[in-house]
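A, B, C, D, E and F label the chains in the order they appear, each numbered from 1.
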Amino acid sequence: MELVLAAAIGVLAASGVWLLLRPRTFQLIIGLTLISYAVNLFIFSIGGLRTGADPVLQDAAGGIAQYADPLPQALVLTAIVIGFATTALFLVVLLTSRGLTGNDHVDGEDGTP
Amino acid sequence: MSHLDALPPWAAILVAVFVMLGALFAFVGSLGLLRLKNFYQRVHAPTLGTTLGTFFMLAGSITCFSVLHGRPIFYEILIGVFLTLTTPITLMLLVRAALYRDREEGSADVPQATLRE
Amino acid sequence: MPDNILPSTILGLPFAAAVLVWLLRSRGRNLAVWLMTGTALLGLLLSLWLYPAVAGGGALRQVMPWVPGLGLDLVLRVDGFGWLFMLLVCGIGLLVGIYARYYMPADDPLTSFFALLLAFMGSMLGIVMSGNVIQLVFFWELTSLFSFLLIGYWHHGASARDGARMALVVTSGGGLCLLAGMLLLGHIAGSYDLDAILAAGDAVRAHPWYTPTLLLILLGAFTKSAQFPFHFWLPQAMSAPTPVSAYLHSATMVKAGVFLLVRFWPVLGGTEEWFWIVGGTGLVTLVLGAYSAMFEQDLKGVLAYSTISHLGLITMLVGLGSALGVVAAIFHIVNHATFKASLFMAAGAVDHEAGTRDLRKLGGLRRVMPVTATLALVAAAAMAGVPLLNGFLSKEMFFAETLAGRHGPLLDVLSVVIAVAASAFGVTYSIRFVRGVFFGRMASCLPRQPHEPPLWMRVPIGLLALACLLVGVLPARVIGPSLRVAASAVLGAGHLPDYSLAIWHGLTTPLLMSVCAFAAGCLLFAALRRRFDGFEATPLTGRLSGKRMFERVLAVLAADIPRRIERRYPSRRLQPQLLLIVLLALVAGTLAATSAPFGFRPRWSSVDPAFALLWLLGAACAIGAASQAKFHRLAALVLTGGAGLVSCVSFVWLSAPDLAATQLLVEVVTTILILLGLRWLPKRIEGLAPESRAHRFRRRRDVFIAMAVGLGVASLAYAAMMHPVADSISRFFLERAYTEGGGHNVVNVILVDFRGFDTLGEISVLAIVALTVFALLRRFRPAAESIRAPFQPQRQVAPDAEEAAHAVDRSLTDYLMIPGLIIQLMFPVILLFGLHLFLRGHDLPGGGFVAGITVAVALILLYMARGARWVEAHLRVLPVRWIGLGLLLAVGTGLGSLAFGRPFLTSYFRYAELPVLGKLPLASAVLFDLGVFAVVVGATTLMLIALAHQSLRRPRQPADLPGGQG
Amino acid sequence: MSHGLLAAAIILAQILLLLAMSFSIIRMVRGPRAQDRVLALDALYVNAMILLLTIGIRSGSLLYVEAGLIIALLGFAGTLALSKFLMRGQVIE
Amino acid sequence: MSNHLVIAPIVTPLLVAALQLLVGEKRRRAVLALSIASCVVLVLLAAALMQAVSADGALATVYRIGDWPARFGIVLVADRLSALMVLLTGVLALAVLPYALSRWQHRGGHFQPLLQFLLMGLNGAFLTGDLFNLFVFFEVLLAASYGLALHGSGVRRVSAGLHYIAVNLTASMLFLLGVSLIFGVTGTLNMAALAELIPHVPERTRALLHAGAAILGVAFLIKTAMWPLGFWLPRTYAAASPAVAAMFALMTKVGIYVLLRLGLLLFGDGAGPASAHFGSDWMLWGGVATVAAGTVGMLGARDLAKLAGYNVLISSGTLLGAIGLQQPAVTVGALAYLVISTLAIAAFFLLAGLLASDGDDDTDDTLSLEPYEQPGETAANESLYAQEDESRVVISAPIAMLGASFLACALLLAGLPPLSGFLAKFAMLAPMLEAGERPGALVLFTLVIVAGFGTVIAMCRAGMQIFWVEPERLFPTVRLSETVSILALLGLCLLLTVVVEAPLRYLRDTARQIHTPAAYIRQVLPAAEAPP
Amino acid sequence: MTRRWLPYPILSALLLLIWLLLNQSIAPGTLLLGALLGIALAKVFGLLRPPKARVRNYPLLGLLFLRVVLDIVRSNIAVARLVLRRDSRTHSGFVAVPLALTDRYGLAVLACIITSTPGTIWVSYDPSANVLLIHVLDLVDEAAWIDTIKRRYERPLLEIFQ
């Protein structure tokens, strides 16, 4: 499991970073989305992976070992929300930039393809 | 798999059958998505998943949890209800869009527009 | 007045007066003049009053605490040397003040002029009275600053501006070097106190940092004193009003450099480095200044170069390294100040009366201004070193000092010869100055009709000329005691060398040298007399204009090169910046990760084939999205959605349903958002632009970098997963979530209780972003080609136009009639589901955020199905209000606990027994979560709707925009 | 025995569903037209939802049904927006 | 027993922002009154907080949010350093506010709430004692800064803003990676607990810890605009409206603050031999490079706002280098320099806005649609961007004031006497020589002096161009409120030349406190609160 | 009075049912809250001013439901066969169905039925001509399809809604 998830994080990050270095604003926003997927999984995986663990406390709680680590999840939730907000903002800014400069290059000047 | 050990054998087999059937229908549906020749044919395929595929899986789930909890649980039914309501909307709009796009391209395979549709 | 507060009084007076002059500037120039002269006179008198305190060779110290913590107290230290300078500063300041009153144009209010002059006087006093080297630098830089402002006083002229800038750049640059040097010195000596440093001379000279320290301090001194190669600023500074030149550029500021040399002679002097650098610089400056002065055509230019030359002389005297040299240097400082100030004033008087300073135009003025001519003659004679005047005496001492050489026969002979030669040049330019202005043929066609200047302009010149004469005739009586006091303060009372201040020492070699120099000077003048007027520039050295070189160097080093480099900064281009960030993060992470041994072995834990297959799909989606994002935006968006879905499934797989739900909803909303925006992006068609080799290279490079990053992140993730820490704080949360937080869903309890503060910040971010989006979109201007509605609706609307009586959007309503109805029916269902998610969040997956997004999605569906106008006609959504209320509710809940004496956001939880409903959990955290819910609803809809409205307003004409939406 | 059967059935079902998802993804990548990709995304959502149900059965916890419910109720919003975009060139008008 | 003073600087602006949203943009006077009240209250609160933490024997005030033990919940910690930064924030905001009131705030929507959010974010970042909460507050202040940077829209702002946001989003990703790695290795997010745990991190995971710290460090270095990560800064700041840029003068200092705090707390002397002084060389040399790059940029800059932007780089490079030395005495000077340079740069941005305010109106665009307001109010659209009438006391011919202010800014930035810039630089440079055995120390020392010289040249050139070369140049009318802002900032700098000892004593105590974090750790994690 | 407080009783009832299903409980608290929410949300629905609806024949509705379920199962198998068949040359095409049904709700139900049944899909509807265009996967006889739809679905729907 760990190996698969690590590889997944790596692929997501690599795809995202590649897009991050591209010249078009749309590529950038997709890249940032992919990177944030990678980061979210990364944070999540930090607590160690568990399948079949209880995510919610049962009334007849035995030990706490049977539960999934909640803190990384809470952190990821915060990260998701913040990532959502900033993605939205970035989108609007890139649209505004496109409107004002007339093109969708990240630098607002259309030189390269 | 500790939870499932609590199921009586008949239930376990029933659930297994339901699960397999559900997966099978979904699988065939998606296979159709891959195999069928044009868009208007492909658009029919996923319905297998949304109807019987989902139905069997829900049946498996309902059986499993009702037996496990010792009381009837129809929670999952809502999935079916919601899906029945939402899938048509998407497909209708999608096909309509495809039709429009094909007409735009002057494709001969689609009927031409009446004045207003 | 007791002695121990006198220094501060003397120092404070000019500054106070400067402020007063500035404040009372409406009262006109007379008050300013009175304040200037009064302050200078008072300063002079008070300084004289101090004589008994310093006469014994001791120093008067006044310490005022300023920043004791930095070793930086305001230490005023008046010793004999400083005292002599105080007299000079105040005395000449007084005369310049009087002179300026009559010199400056009548329409100039003079207030800011005198304020600056007073401030300058104070700064100069500050330098000479500093008992702390940092304080010295402080005042030193102040003199640079005020001199800059004074030189640029008439800033409408380009030469004044250039001169001012040059002076500022050179002297403040030197000042910064001086600061560095003083810091080093203080570091070596262990204190910034002057006395401590003066006492630490041996340690300083032995320290490995001695040479850099010396160089830095000398840079300060040389720039200020206009020593070669920094001498060029001084002639340029002659664009200043003449009183300024007389004061700053002959008597005071330029003397600060040599003051510094003399002051630190006991600490830094006496070494080989000192001899070579100081002596050599002095020598070169002496000759160069004198030589250049001969060929100047501008009256003030002659005096400026002469000043450079005399400063070189003083520097050389200090550099030679003997005690006698120091005495001679001090003596010459005073002498030069007197005759040069008077000469400048005389030159100013000539300029004032004749309207020109050009030696070629002037001549014969003795007939119309005899008094000025006489006084200038006396001063010029002093400058030339004519006996019975003060210049002669110090020059004698200078010759005597060159003769006492101890540095090898060649060097000794050379220095004697050069001294005589420079002296001869001095004689030549002095003669030229006097003869060119006052003798010879009466100048015709002068800009003004010259006559004797006002009495009060002549008085200061006369007083200074008188001083030259008095010192020259009765040296021991007039200057002897002061000189002794000053010299002994520098050298130590017991180490005063033998010298005698007499007019006649017998037929000595120095006298012979004087005679030689005088004769040679006269001969030189006679030889060149007719040719002086022809020199446009100084022969030999004139082409190497220091000014031009300075301008060039400054332009190249401080403008051209930086501009060229700055233009290459990738500040206008994002890609290189992001590349640098990625690379640096990669390098830093790699270096850090390999800095300590990696202690884990890869473990092939059980790989669930299904999970592996799942991520095979996820990877395909991610890579697909990356490859499609350029030309097939929709495909990329769909594939990104696929990758998101896969990570959402993984969250479920790994027992995190909350995450899955949130991720899913966020993804839906993000997709809609991006789709809303996609309409405004330009079409991009594959294969239109041929790909260049550079682009291909860049792409390959980026693929490589991206792969490296991916590998790095993956290894870090793997390593971290292999080493989950044993006692994470999560235990605490699991243990207390129910008992103390009142919820079964630990994740939600963390979000709204344990770490509710994070959530508060998070919803603030949402609110901020929504407001920003809204504000930005209010002024949105789409690109020209996207302004028209997309072609689809245009085409579809075409039938509408035929039956114009109908509403605009028939095509829309017809097309969406049935789907729209179903969505409308689902609207309450989704709202119900959202409320459900909200209410159960504390115990089961769900919560305010998810619920909020759900409600927002319901609204958006309605917008999609029915169009914005329809929805806004039926529902009034006030998203900003929602945001405000939500924030208020969340904060209010947090503040509620304050009322119970508990910290912010302390949760309150208990079960309430209600009649029919039974046990109901009441947790204050639910209230907080309600705030979250409201903010999320408001923010999400605000963003989506603001974006959606852009399509709405475009196709319409501007005229009907504001009103008709409702 | 029956439990082994059930476990095997679930794993097999999951593999089948993942294969189904991979067909969708192939269609998503291949296209050829935008409507094919959107259709594939819709199918992917449904398959994922069914997959979540199997995970729920396997873990014995009803909580995972929740995520399925969200997909069923709201997952279509994205595809709806995509379809509308294809049809009208804009999502909200 | 809990001292609510600590939370107040965060909650007050949030509350005010929420109220402003409810009051609505249209009721301008009410919104303004709220803003002014908030800023005044913030200054008072910060002063009280400073008083509280600098009382005899007081170390730090710990505020446990939600009443959870520090180790597990989120704590706010106000020590001398945080109190100083909070005060600086409040003072800067209060000083800048009048300027923003005059005409700048109406160039876009919701200026005042965004400003309040920015204050909330800044104060939160300064006060929090929790690493992830720090991330959250960073995001708050960044989000607000995005909004403010884009305030007024227009090509320049938007394209600079696009870069700014892209860079910062990338930095946020790095921040998250770093934080999660550190959490993964230590199992805690509390800074004090981290400091306690880092010496005991098992050797096999220390590499991970370092990787996390390094990635986190890169994130902070992006915020401090270290070379080569800071090319976005001059352009962004130059494009922002002046009042915003003035507030941004503090933004890079947040990065500095965090590096100072975490560098000394987590990787100070107490971090064990393997981790002590981790990354300090990077900061030192990065600072050196930044000062050099900033100086070159400043000399090459063609407009005032850019010049100010490069001054931000110089200032942050200087600070970066200084804190990289990790010497208490240098830190004292660095803190003084931080305060002075922030105030001076802020004043300079405001001044640059006045001197170059012509031609800035390319952004005015008539607004079309206001779907969220009552129809009656929508008609008042046009007046939304009309110029403010409250503070229309216009000073004509303000050249003397502008010139004097410019001179003061130049002196402050170049570190020349008589203003406090000189003292700050001296306080920082003098102890740098004590660290002379580190090769970077002398290089930094030299560069700071060279940068001062460069500032003299650049400012002299700019000032003469503006005030001397074109005496007939049309100076903008300056409103009273704008003057008040600039004079307040400069006056403060002047005041700090005269009243030096007490502030310096405070800074010295501050430096001592952050260089010996044991007391901080003890204060945050009392022994009674041992892990369960 | 009832109209005012309970304008959409069926919707409210359905919402209550969904609420109970969601909460998996019939505790009095849940019931009360569900009823309240059902009423409140129905009022929200009313704000959208939907077209009026009347269900005249409930038993027929149930019959129709059973018929549709049966059709769905049959079509599932048919389409699955079609997909799995080795040569996938099927003849599919569009069919225009002239309708008598005009009630919006009736049309909505018809849309759900046709689209939910594998093998047929609702393509577009022209309200002015009242013609429905559907696409059929396995189209052998166009007229038969028109007949099926009109007979099996439209007629009961006409009875129920109009």
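The rule is short, and it goes like this: a contact is a pair of C-beta atoms (placed from the backbone, for glycine too) under 8 Å apart; a residue touches a chain by one contact, two chains touch by 3 or more.
By chain, with names taken from UniProt: A = Na+/H+ antiporter subunit C; B = Potassium:proton antiporter; C = Monovalent cation/H+ antiporter subunit A; D = K+/H+ antiporter subunit F; E = Monovalent cation/H+ antiporter subunit D; F = Na+/H+ antiporter subunit E.
Since the model is a prediction, treat every value here as computed from it, not as a measurement.
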Message: For the interfaces B-F and C-E, which has the higher count of C-beta pairs in contact?
response: C-E
- line: So the chain most remote from chain D by C-alpha centre is C
Field: Central chain of the complex, centres being mean CA coordinates
entry: E
Statement: CA centroids of chain C and chain D: separation to the nearest Å works out as 60
Field: Geometric centre distance via CA averages, chain C-chain B, whole Å
entry: 68
- request: Compute the distance, rounded to whole Å, between the mean C-alpha positions of chain A and chain E.
  value: 28
Message: Taking the mean of the C-alpha atoms as each chain's centre, how many Å separate chain D from chain E?
response: 47
- prompt: Could you say which residues in chain D touch two or more other chains, in rising order?
  reply: 14, 19, 21, 24, 34, 38, 40, 58-59, 61, 63, 69, 73, 75, 80, 84, 86-87
- request: Mark out which residues of chain B touch at least two other chains, giving numbers and ranges.
  value: 29, 31, 43, 45, 50, 73, 75, 78, 82, 85-89, 91-93, 96, 100, 115-117
Query: For chain A, what residues touch not just one other chain but two or more?
result: 20, 25, 42, 46-47, 51-52, 54-56, 71-72, 78, 82, 85-86, 89, 93-94, 96, 100-101, 106-107
- request: Sort out for me which residues of chain F touch chain B in the complex.
  value: 18, 21-22, 24, 72-73, 76, 79-80, 82-84, 88, 90, 92, 94, 96, 111-112, 115-129, 131, 133, 135, 137
- request: State the interface residues of chain A toward chain C in the complex, per the touch definition above.
  value: 1-27, 29-31, 33-34, 37-38, 40-42, 44-59, 61, 64, 67-74, 76-78, 80-89, 91-96, 98-104, 106-107, 112-113
Task: Would you mind writing out the residues of chain B in touch with chain C in their complex?
output: 82, 85-86, 88-89, 92-93, 96, 100, 104, 115-117
Chain C residues within the chain D interface of the complex: 609-610, 613-614, 616-617, 620-621, 624, 634-635, 637-639, 641-642, 645-646, 648-649, 652-653, 655, 657, 660-661, 664-665, 667-668, 671-672, 675-676, 678-679, 789-793, 796, 809, 812, 815, 826, 829-830, 833, 844-846, 850, 854, 857, 860-861, 863-864, 867-868, 944-945, 948, 951-952
Field: In the complex, chain B residues that touch chain D
entry: 1-5, 7, 9-10, 12-13, 15-17, 19-20, 22-24, 26-27, 29-31, 33-34, 39, 42-43, 45-46, 49-50, 53-54, 57-58, 60-61, 64-65, 68, 73, 75-76, 78-80, 82-83, 86-87, 89-91, 93-94, 96-98, 100-101
